[in-house]
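Note that the chains are named A, B, C and D in the order they appear, and that numbering of residues resets to 1 at the start of each chain.
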Amino acid sequence: MNQFSAHVTKNREIALDYYELSFIWSADNTPEPGQFITLRCGTGTAPLLRRPFALSSYNPETKTARIIYQKRGEATTLLTAKHPEDTIDIIGPLGNGFPAPSEGSRPVLVAGGIGLGPVLFLAKAMRETQTPPLLIFGARNRYQVPLEIIEPLSASIDIAVCTDDGSQGFKGTAADYLQEHCPEHPEFFTCGPHPMMKAVYDLSRTCRARCWVSMEQIMACGVGACMGCAIAVKGEKPFARVCVEGPVFDGDAVVW
Amino acid sequence: MNQFSAHVTKNREIALDYYELSFIWSADNTPEPGQFITLRCGTGTAPLLRRPFALSSYNPETKTARIIYQKRGEATTLLTAKHPEDTIDIIGPLGNGFPAPSEGSRPVLVAGGIGLGPVLFLAKAMRETQTPPLLIFGARNRYQVPLEIIEPLSASIDIAVCTDDGSQGFKGTAADYLQEHCPEHPEFFTCGPHPMMKAVYDLSRTCRARCWVSMEQIMACGVGACMGCAIAVKGEKPFARVCVEGPVFDGDAVVW
Amino acid sequence: MSTIKLQLNIGTKTLPNPVGVASGTFGYGSEYEKLIGLEHLGGLYTKAVTLEPRPGNGIPRIIETPSGMLNSIGLANVGLDAFVRTKLPYFKTLKCPVIVNVAGSSADEYLRLVEALEEFDEVWGYEINLSCPNVKKGCLAFGSDPAQVETLTASLRSRTAKPLIIKLTPNVTSIGSIARGAEQGGADAVSCINTLLGMVIDIRKKRPVLQNMTGGLSGPAIRPVGVAAVYNVARSVKIPVIGIGGIMTASDAIEYLLAGASAVQVGTGTFVDPGIPEKILSGIETYMKEEGLADMGSFHRFIT
Amino acid sequence: MSTIKLQLNIGTKTLPNPVGVASGTFGYGSEYEKLIGLEHLGGLYTKAVTLEPRPGNGIPRIIETPSGMLNSIGLANVGLDAFVRTKLPYFKTLKCPVIVNVAGSSADEYLRLVEALEEFDEVWGYEINLSCPNVKKGCLAFGSDPAQVETLTASLRSRTAKPLIIKLTPNVTSIGSIARGAEQGGADAVSCINTLLGMVIDIRKKRPVLQNMTGGLSGPAIRPVGVAAVYNVARSVKIPVIGIGGIMTASDAIEYLLAGASAVQVGTGTFVDPGIPEKILSGIETYMKEEGLADMGSFHRFIT
């Protein structure tokens, strides 16, 4: 983990209100799929706090890292205004990434909305090292599907795009698709809206598969100091910090 | 006075950290030299308050108004990012402009720094209707002199540019210049830093001339409601509001 | 969709809608008449009126702070006589309720002000400013002691049948107990919050920016404090609570209503955009339709 | 240019420089060790320690507000035993003073905590949290009554010779009188301010965002309140005052010093940029050189 001033190399809209920001990585450690960064989107006092974003790719040769983000509120709106000459204040890599899939299982990667970034990163990593995964991506409609980002992967892995309104790919949620098309011996890796992840987790119970979930919680410090990003977990301690114990958790550990 | 959403037509740097913003005027009233507008520079909560700026020109044919502003803090920095497609929230025209010079006097217009805008507007108006004025503009150095804005006027009126370091025109302050080159029967119209205006006022006492000063004070409402923009004045009431009783005051009325 | 009732009873009278403009931020109304339709206001709370004219505090009087502003206007106003002579005639022409914000440096001053204004129908009601942090003597002392608040309120009550609203300061240990003092004294409503005590220092001049040293903090920065205060006060009294502090949007106003307020006032927000009160009112209406809320009371059943 | 003295005496010990990091915002230090040089800190104030381990409040626990944030962490911590076992060894390795922030739900708990920590040299001193707004019972009640503050401080004083700092809440009518209670009880310093009580409501869910309903407001939004509090407290006591609240830059810190503080703590600012404490320290040094100030006391002669 380091704090560094990163040069922006690209920042472009890849789907309606979804952007991809590329920048030069200069932390000591190489980021793993599932890990995140925090960045300061403005320079004033409002918005104030750093914002967490999962990494969506890393190229060790060009030292270029990326995030995919949705324009939502003040901070992400400011982020859309960053240009290639600009620098951004980054802390990372933070948190624990996804584990390697168990021997013999078929990795099923399920992403919804802003959950696409970390899942894409994971898919790319798996493409090289293990059984090619199945990637399911759910969005509200086709405008929110960054096709040009997803399609290049379809040569090497199976991809299913789902839209709530059926305007692209499968009509229904990612969980709906999964229910109908779940492969044999699956192991789930998911990131997205809470209800989606809960549905995937519930399904994993039915088919007795492991399920790794990347959780979200509002963060202040991002490094384990403030106790702000707690989520409810099972076990001895009632809470775990998403920023250091997560963001990736065993679905079994989460109080859903 | 109206509140209106104005289309930006131009926004460009005219000297180091000095900008000229042009926009379409759509208030009911035509602005007079010395009047000002307030505008909202951001959309969030910091910076919060509207900021006051004096008008620097108005073209009744194209309905284009202008301000000259210096990039200083958060609000003016945001203002530099406005582009021709953008709109800005404006209230104006506000306050009282400069009066017409007395019969037989030679108008001497003295501007310093951000005081240039209203004085330029006044100079342009006087160019057409009365004795051509003498315009004295003082800046710290030549980088802060927007020559291309000032020079076109030199065909019709006398202009003296002064810089503290002598890098352009007269070496010294505008008040220094005035002291040495004050014309006969002057009447002063001045806007700029407080010490400069005080010096001009003191000089006006020596040569028994009238002196009109455009005062500055931090403003909240800009319309006379908050009592925030008070300055100390002579007379029955100890304070006057810059936004409604000013910004132009008779120098004799001000407690310097 | 059933019809929506925006009105709100305060004592014997009814405010037409829940969005008013806060004392000291809207002058006497005329300053804004060219910019917005005053008839839409659910209450115009005047700049504080005192017995004698007051010039107000020294200058500078305001400074911006992160998401807020600090003011030390002092009770700059024309004084009772000039107020009656020069401001009341204008109020007569207005369609919105005009609530006169009253400030004094002794109990007697408050009483004399209310007595003098009582005969004028254009004075809809009173908001008693027990909470201004910007004058050395008087109102802050009153405003921080429940017993004194009760006594003063009771004296005022005996002199007027018009709506009597006590304005509370947040600069106290227990704002709920001050509110109870006001209720027990016979107030028809309480409004809160006034500004928080604050200071900004010019580090080059090495003295406070405001000539009066400290000032009152307002604006979005204080909104969470105002919402918490309203939540506490609404659980301490049965009379209506009017929420104030950092309201810029309909969503902000709705936070106050859900916390227990029955109406709100916009202060600093009007400086930023005079159109805000009207936007908020229409936003509240939209929200009530969307959420199926029939009247101002129906906001109060969710948070207990 | 004469030499500058950044040190500050608190009781029998000396803080190396005036810029510390505030309790609850810096964990136990190790969380930030990879990002900044902890040896530059003029005080590491730990997350509050309680007798028993506490899981903290329900979730969510934080929400951003205009130029600030609201938190309701509760006193989430490992409890005294685990603290001694797992955190103290790390403090031994640190070069900066570690001040343990102590919280209890009864006077007895405070005393037992200090007694238990007394033997450890790696505990430089104590900051007594009488001011946390996020727990139902205990500290807030103490913190708002001068007599109780004096009694508790005196009991603590009799149990330790280490620096004893009482942390004050701004949620009181007169913070100066609470500070006097601490001074009369024998405190070596007071620190202020803790967070302001606040609430944010989710208007669609129609309930407070924080599971605990209310929380503590921190960040730049509250800075003017903190500066005013320090100004008042510094005029009420002779012991050093440590200023806290919304400090993001050297200029902000200098405002506190000019208002009467002899040191500062950075809280929320560290979340925004962990490099802030170090930048502030060097900014203070530059300012002292520019303005010809020799030591922390020399900031206090300008504003009276």
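We adopt the following convention: contacts are C-beta pairs under 8 Å (C-beta built on N, C-alpha and C of every residue); 3 or more make two chains touch, one makes a residue touch a chain.
Worth saying up front: this structure is predicted, and the values here are computed from it rather than measured.
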Give me the chains shared as neighbours by subunit B and subunit C.
-> A, D
Have a look at A-D versus A-C and report the one with more C-beta pairs in contact.
-> A-D
Average the CA atoms of each chain to get its centre, and name the chain whose centre is farthest from that of subunit D.
-> B
Distance from subunit C to subunit A - Cα centre to Cα centre, in angstrom | 47
If you average the CA atoms of subunit A and of subunit B, how many Å lie between those two points?
-> 53
Approximately how many whole Å separate the CA-defined centres of subunit C and subunit D?
-> 34
Expressed in whole Å, how far the mean CA point of subunit A lies from that of subunit D is 36
Specify, in ascending order, the residues of subunit B that touch 2 or more different other chains.
-> 45-47
Subunit C residues touching 2+ other chains are 66-68, 219-221
Quick one: label the inter-chain contact graph as line, ring, star, complete or other.
-> complete
Using the touch rule from the top, collect the residues of subunit A that touch subunit C in their complex.
-> 45-46
Which positions of subunit C touch subunit B when the two form their complex?
-> 24-27, 31-32, 34-35, 47, 55-56, 59-64, 66-69, 71, 73, 76, 219-221, 248, 268, 270-275
Residue positions on subunit A within touch of subunit D in the complex are 1-3, 40, 45-50, 89, 91, 217-232, 237-239, 244
Subunit A contact footprint on subunit C (complex, rising order) | 66-67
Along subunit D, where are the residues that touch subunit C in the complex?
-> 65-68, 70, 144, 171-173, 196-201, 203, 206-208, 213-215, 217, 219-225, 227-228, 231, 246, 251, 254-255, 258-259, 287, 291, 302-303
